[in-house]
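Read the structure below first, then the notes.
Letters A, B, C and D name the chains as they come in the text, with residue numbers starting at 1 for each one.
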Amino acid sequence: MRIRLLVTAATLAALVITACGGGTAAPSASAGASATAAGPLPDVKIGLATSKSGAANFYNPQQTQGAQLAVDQFNATGGFQGGRQKIQLIVEDDGSVRDQGITVFKKFIEQDKVTVILGPTLSAVAAGAHPVAQAAGVPVIAISNTGLGIVGKCDYGPCDWIFRASLGEQSAVPETVKAATSKLGLKKVVIIYGDGKFELDDLAIFRDAFKANGVTVAKEIPYRATDVDFAPFVTAAKAENPDAIVASSLAGPAGKILDEVAKQLPAKRVIGGNGLNSSALLPNANAGLMIVGTAWSKASTDKANQDFIAAYKAKYNADPDQFAAQSYTAMLVLIEAMKKTTRMSDKEQVKKALESVSLSATPLGAFSFTPEHDVKQPTFVMTVKDKQFVPFQ
Amino acid sequence: MFEQLYNAIFIGSIYALFAVGFALVFSVLDILNLAHPTVFMLGAFAALFAIATLGLPWWLAVPIAFVATGLFGILLDRIAFAPLRRRGAPPLSAMISSLAVTLAVVRVVELRYGGDFITFPAGTVPSFLIHVGGATLEGVRLAIIGLSIALMLVLTYLVRGTALGREIRALAENPRAARILGIDVERAIAATFFISSGLGGLAGVLLAFAYNSLDSRMGLPLELRAFTVMVVGGMGSLPGAVIGAYLLGLGEVASLVYLPAELRDAFAFGLLFLVLIARPQGLLGQRPADRI
Amino acid sequence: MDAIADFLATYSTTFAIVGINALLALSVWLTLYAGQLTLGNAAFMAIGAYTSALLGRHLGAPFPLALAAGAVAAAALAAPLGLTVFRLRGVYLAIATLAFGEVVRVILLATPITGRGQGLNGIPPKTELWHIYLSLAVVAYVLWRVQGSIAGRAWAAIREDEVAAASQGIAVRRYKLAAFVLGALLAAWAGGLSAHVTFSIDPNDFAFTKAVQILVFAVVGGIPNVLGPVLGATVFTALPELLRPFKDYRDIFQGAILLAVIIYLPRGIVTLAELRKTRRLAEIGAADVA
Amino acid sequence: MLLETRQLSRTFGGVHAVDRVDLAVAAGQAFGLIGPNGAGKTTLINLISGHLRADGGSVLLDGATVTRLAPHELTARGIARTFQGVRLFKGLTVFDNVLVGRHARLRSDVVRRLVPRRSRADPDRERAMGLLERVGLRRRAGALAGELAYGDQRRLEIARALASEPRVLILDEPAAGMNPSESGRLRELMRALVAEGITIVLIEHDVGLVMGTCERVAVLNFGRKIAEGSPAEVRASAAVREAYLGAEDVA
């Protein structure tokens, strides 16, 4: 029995090893293609941890494709060091769960020896994965975490290796609230909020933003992730006679809230956080009611943005969304920072360079990091018209 | 107040359609079919396929979804339950095999339609509003309430008044005796699954219509509710499940109106727990006979 | 050598989760072995996780003490609960314990000190692999020895027939309660360990899905002996990593494997390792005839 | 008297399943309990063995009131029983069934077992084997109880009950489903047990078996005791004839 157990364990371990080997077989062919007189240097490896499966799988393929597009564009120009060094992007699925996210980070750090990690998709996964990179001293750029405690002041201690390229709700929400208050003349709102980390972070930020703008929050109505019908919540909100409804929620519930508001509170608008900033909501007949602060506007006519949209369409035959734009921009910024180093795989140098990097033209607009490593970029306050996000006026 | 009552009846109808099928399978086979939420989701996607891909009108998509999920139910039984039944495996095994099917099927749907929620093509879902006093009633919702009640009446007739229903009831009562009495047990089980899954799928289409929104995980929130509904109504009792469903709908809405926000769910599950302790047979179930 | 070190460093979290899941599977095995189908162990796990994390954070309690306190807290809660649900069997017990689990989760979602839906973040990673595997070794050994003991036989007898067991002089209520409380204790211990692996916990980590997952580990591994749950947890925790090459099709393969095991290995994966034992039983019979 | 019931009663939803029954079983006696179907025999046994709570009256063992005790406590005090329709631990081996039967006489060995040591001769195991030998199941010791033939299961159940070293052994229709030669051997076993000083309470449909084995017989009908005495006296009782023997053939 004991021997059998050992054999089983050994087989299992062997399986794990082969499986990992198979999964990460590095496409290193690119290294030879650009040989110059001095000979090619090994690729700079960058890891992307993203939720391809599990609850948050709908951020893909855009999140992956955005980063991949930036890498491919850059490699096509030759690469670093006078065309001798290219970037290799290694993408791993974190299954939308924390422990797989941690394992992916450890794999990037210990096995692939990447220089920088992008991701993971979810804030809840980041809460577990980011400390791993922080402890190992590997720079991380968060590309879709918008909640509290990602950069600056983190629960797990110092987080100076973490950067955020995704517009935090702390920046976006106050802009949204300010614009909505001044244009709609808000006096009283009701917040409908979910019970997840993202929604609760948003709730706190909304609360403060409305207070700062002198708007009363008449009622806060919670729903659970397991609620299927949103009519009762809107009916309860209606009793307060609010000037607008605030949806501190993800896109799915937000769609239902929009529908109910259209039905029960005609002519009232729905103010939302980044959760509403989803292309899945565009077909919704009532999407025009929403007011949301976003990190990216498809309608922005900046050349950098239009070029990005065109390139993305050409390569993937699909429209990019904000997640594509953010991962693309994060990669642009990273490349720009790396160019300023003497050795691209020197993590300490890359970190320093990221801290001072500044790009005036990206799809997200002028981009740099704050001293707290948070993103500094314009906020686009948007609404929806003809199934497109358009600036809110 | 009236509006909240109407909200409660609407959501109660969806719960009822969902839970009745769940309870039916439980009463006949003692199985907790954890794939029932998947069937619910498949119903919505079957309708989407009919409308978006085949270009059919919504009123044709509804029966198509019913039949498609009903057939899927039979397939589910053949794949996940029949092999276990043949060797007399405990109900626990069936729970796990249905979970396995769920895992795979949800992923298949995600590969085809993506993981995010999607909508029916514009203009394919009917929509009209009725104004009653200060309240706004949506035609689709009224129709759903009506249809649900009608379906439950049909189901009651089917189980109580037809030969097939008698066979199903005999099977639920005592499978061995049913076999001895010459009932084609496998056929009756297939019928059970067809009805159960068909109703579950129908519930899925109707909810998807009500919000014009569907996604691969839309059934999961209903799973725990189906447990609650079954326990409150009495395990395996169909009328009990219907009453339990409406009570749950009412309870959820009432607790939203009258209870502090945080206590809402604690209240529902606390109640479920108490019912189990105080009256494990539920409102309409029969107490399992003393075993000695 | 480097490759091996990298491998271990990369998959240390996976190894940790495997061990923790094995502990959880054993916690539910205990109750299953005594005939109780419980879905409450995820909640006990939560109690262990939150208690130990909060004690560490606010009172600076040493790690082992915090773990023990979490386990004791869960056991203290399990005792009255076990007495209340004592009469319920099978699916009824499963749903009652599930309802209890949801109540716990909702309380966690509503309580400020547990961080509500945001959970607790930045929990120091104090758990070392050897903590987990030492716990697992001790627990598995003890349970293995207990299984063959008078108490183990009594649990098996209760599982087979409670009424007849009572007639053999077995204090059924006491034995069932013991299994339930010990299961809770064990689940909470595992929960405390897990909270200090992944830096962060939130109420959704301990939802219905987790409860079912724990049950799957135990049942799919096999109930006949303690090796089953450990094997089940190992295989089904490692599976997502093993199936990585299948990329988008991971879940589909995982579902298919789960289905195949439950259908073709009715007594669990452990049957594969158990064939020899059944043969030995047959030999005893033969020797007796001669 | 070793075992007594006084005015023992139990109703189910208004029906008197057992109605003020007095029984007195002397030590070393084989006591028969007969009556038509639904007379309340099994309910009476369940009241005595603690599986049901009495509404009124009392049960005395060796003069001490044991009415409110739980089944396992009664087993510890020396009452063992078998069940109508056999309730074995079907998933356990034949041998383990008997070992479980010995539970009341064992002291916890968990702590002892944690320290591995070479197995020594274990008197409890030997004793269990002896009991299996006695009922003719020694060869099947390693088989699962559920795999045994019905008659074997009945005998295993008796061996399991004997493992607790009972003073009173209650047998609920032990001969049901046995062929004549099997029931003949059962009769011999019961006689031998009585000779060893074990008191037997026998509920049986096979009136011949009861009359041939028991020194004293009580008759129940509609929950009431309608007669008690030696087999001959019971046979002669008019009430019994009317209620019971008139309805069924006396073998």
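Convention: a residue touches a chain if its C-beta (ideal position, glycine included) is under 8 Å from a C-beta of that chain, and two chains touch if they have at least 3 such contacts.
All values reported here derive from a predicted model rather than from experimental measurement.
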Study note, to complete from the structure: Note: of the two pairs C-D and A-B, more contacts are counted for C-D
Exercise for review: Select the chain whose centre, defined as the mean of its C-alpha atoms, is least distant from the mean of all protein C-alpha atoms.
Suggested key: C
Exercise for review: Determine the centre-to-centre distance between chain C and chain D, using the mean Cα coordinates as centres, and give it in whole Å.
Suggested key: 40
Revision key, fill the gap. Note: chain C sits from chain A at a C-alpha centroid distance in Å of 35
Review point. What is the distance in Å between the mean C-alpha positions of chain B and chain C?
Key: 30
Point to revise | Multi-partner residues of chain B (at least 2 other chains) | key: 107, 224, 262, 265, 292
Point to revise | Overlap residues in chain A, where contacts from two or more other chains coincide | key: 53, 224-225
Study note, to complete from the structure: Residues of chain C that touch two or more other chains sit at 109, 163, 248, 250-251
Check your understanding: Considering the complex alone, what residue numbers of chain C touch chain B?
Key -> 37, 84-85, 87-88, 90-92, 94-96, 98-100, 102-103, 106-107, 109-110, 163, 208, 212, 215-216, 219-220, 248-252, 254-256, 258-259, 262-263, 266
**Study point:** Residues of chain B defined as touching chain C within the complex
**Key:** 26, 30, 32, 34, 79-80, 83-84, 87, 89, 91-93, 95-97, 99-108, 111, 223-224, 227-228, 230-231, 235, 262-263, 265-266, 269-270, 272-273, 276-277, 280, 291-292
Exercise for review: Could you pull out which chain B residues touch chain A in their complex?
Suggested key: 3-4, 7-8, 10-11, 14, 107, 110, 114-119, 122, 127, 129, 136, 138, 207, 210-213, 215, 217-218, 220-222, 224-225, 252-253, 256-257, 261-262, 264-265
Review point. Okay, in this complex, where on chain C does chain D touch?
Key: 141-142, 145-146, 148-151, 153-154, 156-157, 159-161, 163-172, 281-282, 284-285, 288-289
Review point. In their complex, what parts of chain D are in touch with chain C?
Key: 49-51, 70-72, 75-76, 80-81, 83, 87-93, 96, 99-110, 113-114, 138-143, 160-161, 163-164
